[in-house]
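After this come two complexes, each holding subunit A, first together with subunit B and then together with subunit C.
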Partner chain A sequence: MATQTVLSHTVPAPRRNLVSTLAKTLRKPQFWFGFIVLFPVLAWYIWFAFGPVLRAFWMATVKYDLMNPQDSKFVGLQNFQQVFSYPLFWISVQRTITFSLYVYVGTLPLALFVSLCLVAVGQGRNFYQSMIFLPVVVSYVAIALLFRMLMDPQNGQFNQILRALGLPTSLWVTGPNSALPSIAMVDIWKGLGFHVVIITAGLLGIPAEMYDAAKVDGAGPWHRFRFVTIPLLGNTLLLESVIMVAGTLQAFTNGEVLGCAGDSCFFISRLVYAEAFTNLRFGFATASAFVLFVFILVLTIIQVRSLKPDWQY
Partner chain B sequence: MQKAVILPATSARPLSLGWIGRIFPHIILLFLTFTSLMPFVWMFFGSFKTYVEITAGKTFLPAHWTFDNYTQITQRVGFPQAFLNTTMVAVGVTLATLITSAAAGYVFAKYRFWGKEQVFTVLLSTMMVPFAVVLVPLYVTVANLGLADKLTGIIVTGLCSTFGIFLMRQFMESIPNDLIDAGRIDGAGEWWIFSRVVLPLAKASLSALAVFTFLGSWDSYLWPLVVLTSPENQTLPLVLAGLRNLYWSRYELYAAGSMLTVLPVMIVYMAASKYFVQGIAMTGLKG
Partner chain C sequence: MEQKHISRRTFLKIAGTGLAASAIAACTPAGTQSTTGASAPAATGNKEFVMWGLQYDPHVERYHALADAFFKKTENKANIQPQAWPLETKLLASITAGTQPDTVCVMGIVSTPLFMQKAVLELDDVVYAAAGVDPKTFFYPEAIQAYTWDGHYMGVPLESNQVGQSVATRYDYLDEVGDKAKGLWPVFDKKDGFDSYEQMWELAKLLQKKEGDTVTRWGLSGEGWDLDQHLTTMRSLGKFFWDAEKKKFNFDSEEAVKAMQLYIETPVKMGIETQLGETHMNSMFAGKVAVAMGNTSMAPEGAKLGLKVESVNRPPSVEGKETLYVGEGGWGFEIPTRAKNKDVAIEFCKWMATRDGQVIYAQIYGGVVPATPSVLDDPIYKGDDMIKVSKRRAIDSLKNTVYYGNDWGLNRTGADVPYTKCRQGAMTAQEACNALQEIMTANYTQWKDSMKS
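Coming up: the complex of A and B.
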């Protein structure tokens, strides 16, 4: 067993060799190492990843009986019908999409702009990057409580700054109309560093010759940005877009802890949580989660189809 | 405005827009550094203010520094216990994730066996499923094992990480086969090669993964909220979030609780921010 790392032979062997092939495989130390590693990992995946997904399919199509789950009656798509005729579900859909749009539109240009600044500075890049990244690593619960303080409508620091500047104050999260933009602002602030790191890495990966060639052709800064930076950043921006859409549509903690006015931050994940663990409607909750899943899946496919660059380098 | 900063992708070359182009990005980045830090500074000072002072909101620095908020929070709300719980969960999950990710990543990178790519794709596909979909079924799975309201219920669901396996596979693929084969020719066992040759090479990636996992587990909210119900079993984010029901608008207590929750995270981050940023960039590029 000199040079190859062969765990088992895949070539269709003649039948009479099957036993000897198997015996040979079983004698290999690689087989045993691979087996000892993969067996528990795959068992874990079956138990804690695939199992729950299958159980979710089942749960969404039965009237879940909390006392005797195995006696739950199959009801087909009835849970989904209930979800779609539930007014609060549509409210949560509207809140989630609006929040997601705010964060997307706010983060992407800002993160690109900051990344361009980071690439432009030679010295201090790591320092700036780690500082801007700091809010990313901090617990969202702590951040939500912190911004409750800063956004307090009476004496919060934000309103004090606005007053000092002679601007009208805001109710922030406690106002029915200002709640979603406020919570989106917090989310942009918290997530910016993450997106900046990814885009900066993408920018630094663009070969300098591309810019030199464009320069030789007489392209000004704007043209170089538009026709060199943006297209060559295609894969990174696609990844960013997909991560951001999938992430914001699953928002939970901020809406839960920031204390928004009424149902103004009632996101789909909060509906799932509340239906499951407050109203104990497991089937309904899981069915609404599936709607979210399908929605994210469709949006991801659309993004990949429409944004995928048609070049390689 | 953007024009000023676009120019060279290579960092070493000076910008051709003169001193404005050189200063402008620094101004923007300094401003962002300020906005990133300022809320934490407010939180820090706020945690030493009295209720009257913080609700009046007139001062930036505390007029009289007081430790009352910290004593109250550690004595009346179960913060020390929550601290212990969170540490246990975060350490357990991190250790397990490092072991399973390194080993499985190595096998997926360097071994050849039937159905490898298919199995790997199926593992990766679990990342596509929103957590909300498995929230209830995963809770039922954990409850069926008798682990509801137990810290082990959180740890057991964090033993493997798809992201970790993916990250480690990416790295392990860059290890030359010759190194591994040399070990085999010398008669080394598979375990010896893995632990003495492969793991030391993977130190940087493992550190990045360790920091990711530790902080992710430390900050996690939704899953512990579902599993851990009794106060003595709760983790820091849960106890912290509970403050808003126990004490309405007591910002000085929120600030003190947040400080206790955030401080360890900041220390870990400051010590390891190099690995952290590298790790994200690594996955971002390959993803």
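Coming up: the complex of A and C.
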């Protein structure tokens, strides 16, 4: 009793509780087991995920010395200033956003439509889903070769079909105005299967009772789609939207391997690559990459705030 | 037998110490090293050195031939490790990781930024002075200039590039169209090149093929290596693209516009050229183009595909005057500053700076456009078949060829855009030159800013 009184005068109660809780926790074998199990994962994230991001930010603020990085001189926001005053950066921003819009607008409704069809299929859904998913696992280089042949303005099958139908032909990836839509088309085709799988899973997760109740209330197919499917698919569509925007804004391979005409496919990632690995201007390149990162982050926050459904089922 | 058990605590201590030591070792920066190689002792033989080069069969075959000959001479053995394109990014990664080769075969134009950052060795003293070779006289100007920065040498060139020099066609096309076409092909007139652009355009027009309104074989293509070809045409008209005194580009000059008209706008307006999205050489081999303008390797590369292709000199920009070329240099050997076996790499480069080494590499592609005139007496350059004759035409014009120079920073990002748009008909020659001036000036400004300490 006396001891308790002394302690209560020297150590404030909450602190004493914290220290004793901590001491108690440290004595528990479960804590150490958890710590040991988690430590490799935490170390991995710190070294290989957060570390490089922080290092990239540091690189964006220095004049990077390739041979002696520790001697790199701090230049503050100079690299960012250079990025914003570089005309090709703004061209790349415009091309990247346009491409992202094309793919977003082209993919989401199409993936939703295909998923609705798949859900309605009674037998062989997995087979159809596998077929649609197939382009996702094919290398982009192989796809690029295929589409370069199909889109060849002179001998390509696409133009031959258009000619046979009496329609005007296109220059596809070699045309100044057609290159970006063409490459977006290839991207939509390649990525569709992935989005279909996610949306189909979302659709199958909607309880059948919801539709039954809507039917009892006299809702037709359109009303069931509009007032049951779309709202209940909200979380899936939000995920889709975030994945698609973040992915398309980082587009690189398609523009590189399909060989678009001129600057039609000069995306931000291609600028970053050229500046880092051709011109060895790592400060400029990482500053550009950071601008892209912030842009994607802001868009993601906006999407989460505006599209997140305020209900659960 | 008594078994010793390690307690968990001991195990954790040992493992923790090991991990910490590895982490410290991995994070320790490599020591600052001399970029002139002055401290490297001479190689004594029986040493092994790592050689990187392009993972492309003709290149790899030559690396082995060089390694064998060097081994016979010095008993130093090359461990050849070919790397996929793009080589410079792999070199960069290896330098930062400390796994760099001892010598690397890479293009001078892509490694200038590495030399600027002291990642590759300066070879003035350790190679050229030590071997008693004056690079300015031993090599053709374009070849050695591509390995020169700020008056210092960063590599030993193996070839001249000379892209932009040739115009080629396929003999099956000439046979198909007949005497009229053959009358315009300079070879039948015993000439090494076209007399004028008009002559070339007329031939292209004759060889162009149509089915209804659709062109199935375009007359002409110069697509690919556009900057080199435009700069060559400009220089031949009397204006170098870069004003070293005023530190500005000359794409805003009359000559630049005239060159763009000759090179792209006029044939596009004539309906004999369009943007095809691939190089002129590949287009011609694929049967999409009749006359291809630019690359010097069209004859030997065509022969590999069983095509009878010959190349002649491009037309003079001013009739009766010789064409003055601007090229981008070729491949060559360099030594990373942190090479572990620098001494052997230096010995190897010294040997490559002699005729003995050069002539072995020169055998590539059945005779490369060489870096040095010293190899021209080799049998590979003799003979009267059309491949050899085509090659000799390119070699003869090397005296008129200079490298871009690197005073302007070599940043060509986006430079292909105005050419593409002009070829698509989306820009006039004047607009394309204006755009080029703007892009290149922006690139130069960026480069200049990044050079400030």
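Just so it is clear, the second predicted complex is superposed on the first by the 267 of 313 C-alpha atoms of A that agree within 3 Å, B and C clash if a C-alpha of one lies under 4 Å from a C-alpha of the other, contacts with A are read in each partner's own complex, and residues count from 1 in each chain.
Going forward, a residue touches a chain if its C-beta (ideal position, glycine included) is under 8 Å from a C-beta of that chain, and two chains touch if they have at least 3 such contacts.
As the structure is a computational prediction, the values presented were derived from the model and not from experiment.
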When subunit B and subunit C are modelled together on subunit A, clash or fit: clash
Partner chain in contact with A:L108 - subunit B first, subunit C second, else both or neither: neither
Touching partner for A:Q70 - first (subunit B), second (subunit C), both, neither: second
Subunit B versus subunit C as contact partner of A:N155, first or second or both or neither: both
A:S139 touches, of subunit B and subunit C: first, second, both or neither? first
Touched partner set for A:L307, first subunit B, second subunit C, both or neither: neither
Contacts of A:T174 with subunit B and subunit C, given as first, second, both or neither: second
Partner chain in contact with A:A219 - subunit B first, subunit C second, else both or neither: neither
Comparison of subunit B and subunit C by subunit A residues contacted: B
Subunit B versus subunit C as contact partner of A:F277, first or second or both or neither: both
Touched partner set for A:G259, first subunit B, second subunit C, both or neither: both
Clash with subunit B, by subunit C stretch, listed 96-104, 204-212 or 420-428: 96-104
Contacts on subunit A seen with subunit B and repeated with subunit C across the two complexes: 69, 148, 154-155, 259, 277
Complex contacts: residues of subunit C adjacent to subunit A: 29, 32, 86, 88-89, 92, 95-96, 110, 113-114, 116-119, 214-216, 275-278, 288, 337-338, 410-411, 413-414, 416-418, 420-421, 424, 426, 438-439, 442-443, 446-447, 449-450, 452-453
Contacting residues of subunit A [partner subunit B, same complex]: 1-8, 10, 29-30, 32-34, 37-38, 40-42, 44-45, 47-53, 55-56, 59, 69, 113-114, 116-122, 124-135, 137-150, 152, 154-157, 160, 189, 192-194, 197-198, 200-208, 210-211, 220-222, 224-225, 229, 236, 239, 246, 249-250, 252-253, 256-257, 259, 268-269, 272-273, 276-277, 282, 285-286, 289-290, 292-293, 296-297, 300
Touching residues on subunit B, where the partner in the complex is subunit A: 2-12, 15, 17, 21, 24-26, 28-30, 32-33, 35-37, 39-40, 42-43, 46, 54-58, 100, 103-104, 106-107, 110-114, 119, 122-123, 126, 128-141, 156-157, 159-160, 162, 165, 177, 180-181, 184-185, 189-191, 194, 215, 218-219, 221-222, 225-226, 236-237, 240-241, 243-244, 249, 251, 254-255, 257-258, 261-262, 265-266, 269, 273-274, 276-277, 280-281, 284-285, 287
Subunit A - residues contacting subunit C, complex: 63, 65-70, 73, 78, 82, 86-88, 91, 148, 153-155, 163, 171, 173-176, 259, 261-263, 266, 271, 274-275, 277-281, 283-284
